[in-house]
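Read from first to last, the chains carry the letters A, B, C, D and E; within each, the first residue is number 1.
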Amino acid sequence: MRKFTGKIADRVGLPPGVLVYTGERVTEEARIDIIRYNGDSFEEKTAKSVDECLVLEKRTDVTWINVSGIHQVENLQNLGECFNIHPLILEDILSTDQRPKLEDLDDYLFILVKALDYDETSQGVILEQVCMGVGPNYVLSFQERETGLFRPIVERLKSGRGRLRRMGADYLAYALLDMVVDHYFVVLEQLGERIEILEEELIGRPSTPSVQMVHRLRREMILFRKSVWPLREVIGTLGRQESPLVRESTVIYLRDVHDHTVQIIDTIETFRDMLTSMLDLYLSSMSNRLNAVMKVLTIIATIFMPLTFIAGIYGMNFRYMPELEWVWGYPAVLLVMLLIALTMLASFKAKKWL
Amino acid sequence: MRKFTGKIADRVGLPPGVLVYTGERVTEEARIDIIRYNGDSFEEKTAKSVDECLVLEKRTDVTWINVSGIHQVENLQNLGECFNIHPLILEDILSTDQRPKLEDLDDYLFILVKALDYDETSQGVILEQVCMGVGPNYVLSFQERETGLFRPIVERLKSGRGRLRRMGADYLAYALLDMVVDHYFVVLEQLGERIEILEEELIGRPSTPSVQMVHRLRREMILFRKSVWPLREVIGTLGRQESPLVRESTVIYLRDVHDHTVQIIDTIETFRDMLTSMLDLYLSSMSNRLNAVMKVLTIIATIFMPLTFIAGIYGMNFRYMPELEWVWGYPAVLLVMLLIALTMLASFKAKKWL
Amino acid sequence: MRKFTGKIADRVGLPPGVLVYTGERVTEEARIDIIRYNGDSFEEKTAKSVDECLVLEKRTDVTWINVSGIHQVENLQNLGECFNIHPLILEDILSTDQRPKLEDLDDYLFILVKALDYDETSQGVILEQVCMGVGPNYVLSFQERETGLFRPIVERLKSGRGRLRRMGADYLAYALLDMVVDHYFVVLEQLGERIEILEEELIGRPSTPSVQMVHRLRREMILFRKSVWPLREVIGTLGRQESPLVRESTVIYLRDVHDHTVQIIDTIETFRDMLTSMLDLYLSSMSNRLNAVMKVLTIIATIFMPLTFIAGIYGMNFRYMPELEWVWGYPAVLLVMLLIALTMLASFKAKKWL
Amino acid sequence: MRKFTGKIADRVGLPPGVLVYTGERVTEEARIDIIRYNGDSFEEKTAKSVDECLVLEKRTDVTWINVSGIHQVENLQNLGECFNIHPLILEDILSTDQRPKLEDLDDYLFILVKALDYDETSQGVILEQVCMGVGPNYVLSFQERETGLFRPIVERLKSGRGRLRRMGADYLAYALLDMVVDHYFVVLEQLGERIEILEEELIGRPSTPSVQMVHRLRREMILFRKSVWPLREVIGTLGRQESPLVRESTVIYLRDVHDHTVQIIDTIETFRDMLTSMLDLYLSSMSNRLNAVMKVLTIIATIFMPLTFIAGIYGMNFRYMPELEWVWGYPAVLLVMLLIALTMLASFKAKKWL
Amino acid sequence: MRKFTGKIADRVGLPPGVLVYTGERVTEEARIDIIRYNGDSFEEKTAKSVDECLVLEKRTDVTWINVSGIHQVENLQNLGECFNIHPLILEDILSTDQRPKLEDLDDYLFILVKALDYDETSQGVILEQVCMGVGPNYVLSFQERETGLFRPIVERLKSGRGRLRRMGADYLAYALLDMVVDHYFVVLEQLGERIEILEEELIGRPSTPSVQMVHRLRREMILFRKSVWPLREVIGTLGRQESPLVRESTVIYLRDVHDHTVQIIDTIETFRDMLTSMLDLYLSSMSNRLNAVMKVLTIIATIFMPLTFIAGIYGMNFRYMPELEWVWGYPAVLLVMLLIALTMLASFKAKKWL
């Protein structure tokens, strides 16, 4: 449930801009990667604190500072001063339950997105907040914990292949966004597989656990949707190139990520529709089964109750019961019983219960 | 139910601008706090009536008059004359069942919002109407009862820390709004916790009281939504800075509250979806249980009815029943019964009922 | 059902502008009130026909002609000629099943709204169509029957208190609209009370009549919504002051009615959501009850069927049944039966059915 | 079902503009009515083929050619050449499963609408496609079969009463549209009556046929909605007078039809909501009844199973059963049975099952 | 399920523009058809690789290159270089799970649509991605596999009839789009027929397989909708003629396809509504049947349980049971039993259970 509300309540009453970390308490130390590159050179270093963060010189180099672990508030404060970041933005970075959003602050763009991961163990979706500050020649990125999410991009930069090294900070920001969005597909595929398995189960052998699984998947979908839905607008706005920080050459790439986001939202809606349809299917088959069960019971009862009653009659101990003395009494009663049973069966046949 | 309709009907037929208090009758006296501050000084006093309300001098001081308890209509009338407030606005303040709204009356802005609180005793949401008049250098705020809601802001003003003391009336209005919106998160967290507990209950041990609780939570959500939904537009309009009363420096803060409002609406919708999903889950498990119960009944009946019938046959008192005389009659019947029971069990196994 | 379709079908094929009354046949005679006032004077007279309707002189007086009962088509025709009203508008006045609408015909505004009333006897909402023609210094109002709806406004005019007497025809039109909208609150409060009572009933003691009441209330809500929904736009358009017939001073009052309309729509939606939620609650508790009932049945059957079968066995009349001769046979069987019963009860306990 | 898809699939792969009739095969011959009128004169003639169709002379006369039966493709082709109609438009006329639409082709307007009729025999809605070409001084109208739909308009033209004869082709087109829309009210009234009857049935005596009727009515509503929904936009666009072919004097009449269309859509939505509510009511009462039935069963079983068991015990043939020898054994057992029965009844009373 | 997510996850982390085929592995070789035509001449050739693809000379000829089978990435790369196609576009062609979209790249338009086919064997809808690049005098089309989809257009070109040969590349693109959309009607008709059959089944003889079929059809509809919905916008944008590549004469044809698309979406929504209504119908009849079954059971049990109990009483072996000795005891008991049975039946009659 934490996924849905978060701990914003903790900071109620504090003035705006006071930095309080509202995520889960992490004990590992934060890790800061500083990467500097241009078309020709590439330089990477890892720092434990932000003191090592170099003053930004006026060069064509692109600087990417990736902060993994935001619970050390002093790091953020230093970076904030160094890059002149508005206190409200720093507050947003620390509040890990924000909605995806884009803020254009003239000097830099602030982008907040949700990275998703599928956890095999708990079979659930894990949510991670990723923030980016995109300036003319720098990108700051903030993650809650150290994940390997952006490692492939570092590798691509290091290798120098592709256009990544030759393009500016806006293209790097695009690459990071693209990586986040691509991961949604991975999560979606996992969820899709589980839905598929569940559907087969529900058709073959409906059971309570499968309905609880439908419920859980619906919850995951609600969560997923909440994380991706506002992203569409964020990337859409970016792609409309209203900020001079986004170069025209990057726009077509942003439109591509935008298409992916729309496609993901489409698929989420599709999954939600399917889960609803599966639930309907489940309820229908439950109702159907109940009917089948009740028919069996009714048929049995309807046949044997009258027969048992007849047997009960001739089990009475009245002194004067002429039938009991008849030689053919017993076979006659058995015959009557058989006739009754057959009549009943025939009437069930007529009602199509058999 | 009072929450939904209110007593507006009481004033049907009265001409507009006639002041009638439509909230609950309160007996406590109203309390009026008058606060005056600028960057350097801070002054606070509490009055019982509005007569002590000072004439507003042309100074850079900001005056904040906080009225707790609006059932004393004469106070409102005096304030209204003093600050030149339109009678329809005064009427709105007194009608405690208004929708959140913003009116731009050139001289001042009128903002009406709903403060929410979670009542532990009744486990329900309590609604309080908060109105604000925001002029160039004054803020009037009106609450239905004396709550501690705005106390932290008074403290922040008194302490002189932060930018609150140095900013104008518009920033104070923002701070009040922010306080109201921040309290939504507290309420949301409480509701979220109850939903979480309920969900576990519904999965583990579905019962009528839990369904009634789902119903009550849905009602709370409907109420919550009704209170917050229009607020989004109110704050959105404020943030677009169409009034000269809102300074540019305050706009970014208003946008921040706006984001929070959107986030709250998102979460409310998420909760509503989850409650619906929980109800579906409940109905499915009920249906499933009924099936299970009926299967037990049907199995028992299907096995014992034929057997009891056979026993009944040999309990009949016909004189001529050859089987009764056989030495192996009794064990033979028992064997037949056993065979029938086993056949039945096998057929249930085949139907996967066991 | 009449409420939903009306008798428009009666006039199919007639050319437009042919006046046919499509409401219910009323036998009472129409009543025409002619009121003339300005800041200083007030004059009221009641006419049986429109012949007495005075020619409108160019004066600052406001003339209000209120027609109660529109089944006398000739009255309308005369008024139409006198005030130069378009035949299509007259047709609209006569078709009592129109949607609320606003037509700006340059010379005058035509406003059509639905007045609602709550009928205690039938416990249902009664619908009345109210039309208004608003010219520069006159207001024509048309009601289906003579109701006291506008009486309080006549009284306010007569008394000369408030600003009503001093303002123009547009303000009078506003006052009439406000009266209609205020009555919605009365109806809403009645419906709200019934919903509240119903909710308590459904939680305490669900029954078929309460579900039928939910259904009826939903119907009323559908009807209510249909009548109010388009009104929002009508009043919104009026308030945007696009017509020179609406003075600027009246606009703030129109915005106030607009807010009320929005609030009513909000409340209707809230009620609809609540009725849906109540139905879900009802279905859940029905399902729950069925489970409870079936458990009782199953427990009884599962305990007594095997026991009765055992009794049946020893009731068989086989000659050779050794157990029957044992001295301890009877108590032993009773003991076995007791053990079986206890085992069954224990297994139900384990299944949490008890 | 044909109503929903049609036979467009028949022409897959053909080049556009190839004329293939896709409606039902009709054997009657087409009928062509040619009407020519102006303020003073009126002339009507019926032709079997389009050869008789006169060349349009430049006169103030309005020519109305009404083609009933479009399966004779050559007629259409001739008319198409004569009036210079685009092949795609001719194709639209022949494809009888189009959506209502408006095409502005500069020289003429093409309007496609759906005429509805209620068929008493099948108790269903019949759909007829009506197309119109509206030029500066001619109207072409195409119907699938000869229906009396437009007869009243011919009569009105012939009689010369009203403004129809004095107005232009655009007014004639309006009159035709109005006739089509007025017929919707007739159908709606029939459906409304059936819904009303059904509702009473469902409240009084719910049965399977009534639910099937609800289903059928929902189907009709879906169909109805599909036919009317796009019409709103069609007429709305016409009324915005964007084409010089629509004179200003006709606009107010078009707005009137537009209002009717909106009213019809409103009513359809209302009916759909009511049918949904009726289904909910049905399901609730079914669920309620099942409860009632099961309670009866459970009460009977719970009372008689223990009693029968006791009777069974004393029906056993053990040699040593002391109770059987007691003088008061029989009445004592009867008393015990009575006590058990009363206890059971009391407990049911306590559970409010009785 | 593959239909819903695809294998985009495979390429997570790759830089944009790297070409990886994400569809199913196909072993057949790709086939490339190169067609060249103008008003007078027509030339067709089939190539196995793109090397034979001719350099585009500046002529009025239209060149259409149709690639069936996109798994041979090198073909695409060559074509891409030859026609100067952006790497992201090539990537889109290869990712077979894209949403329909239109990209205007100044030099050419990129159109991506989904072709649907109905597979009789699996009774399901098959999805095929079709991409088009439309330049000033060429059209490139890409299909996943070799299907006969575009064969009729080749034939029309070859025959030289109609306007296809005389028009430009934009008209050819229209013809291809039209072919794709026309095929939707075929699929829709098949689905419509299955829905019709299903509906009759559900009304006549509801069963679990039919509900599963409803579920499957709903899935197909979700899929269908997902494929067609974005197409509306694609074709709408094309028809607005914002690109100079689309000639004015083609616009009316594009509007025609647009109408078809809207009609298809309408029909899909109609089908979805009907499937929902069918499910409701099913659930209602299930509920109804359960009631009927339970009534039979209850009636049987209520009649025979008391009777069997009475028979059981007189089957007891008490020594002192005076009734047993009476001469009329047996007939009297039979009479009492008959009376009880009749009373029960009468009460069921009164409850309308019979």
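The definition used in the following text is that a contact is a pair of C-beta atoms (placed from the backbone, for glycine too) under 8 Å apart; a residue touches a chain by one contact, two chains touch by 3 or more.
This is a predicted model, so every value here is computed, not measured.
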Labels of chains that are neighbours to chain C and to chain E: D
Chain hops separating chain C from chain A, counting only touching neighbours: 2
Where chain B and chain C are represented by their mean Cα positions, the distance between them in whole Å: 26
Length of the line joining the C-alpha centres of chain B and chain D, rounded to whole Å: 41
Residue list for chain B, restricted to those that touch at least two other chains: 283, 287, 290, 294, 297, 301, 305, 308, 312, 315-317, 321
In the complex with chain C, residue positions of chain B that touch it: 1, 4-5, 7-9, 11-13, 15-17, 86, 88, 97-99, 101, 103, 205, 207-208, 211-212, 215, 218-219, 222-223, 226, 279, 282-283, 286-287, 289-290, 293-294, 296-297, 300-301, 304-305, 307-308, 311-312, 314-317, 321, 323-327, 329-330, 333-334
Chain E - residues contacting chain D, complex: 152, 156, 161-164, 175, 178-179, 182-183, 185-186, 188-189, 192-193, 195-196, 199, 203, 252-253, 255-256, 259-260, 262-263, 266-267, 270-271, 273-274, 277-278, 280-281, 283-285, 287-288, 290-291, 294-295, 297-298, 301-302, 305-306, 308-309, 312-313, 315-321, 352-353
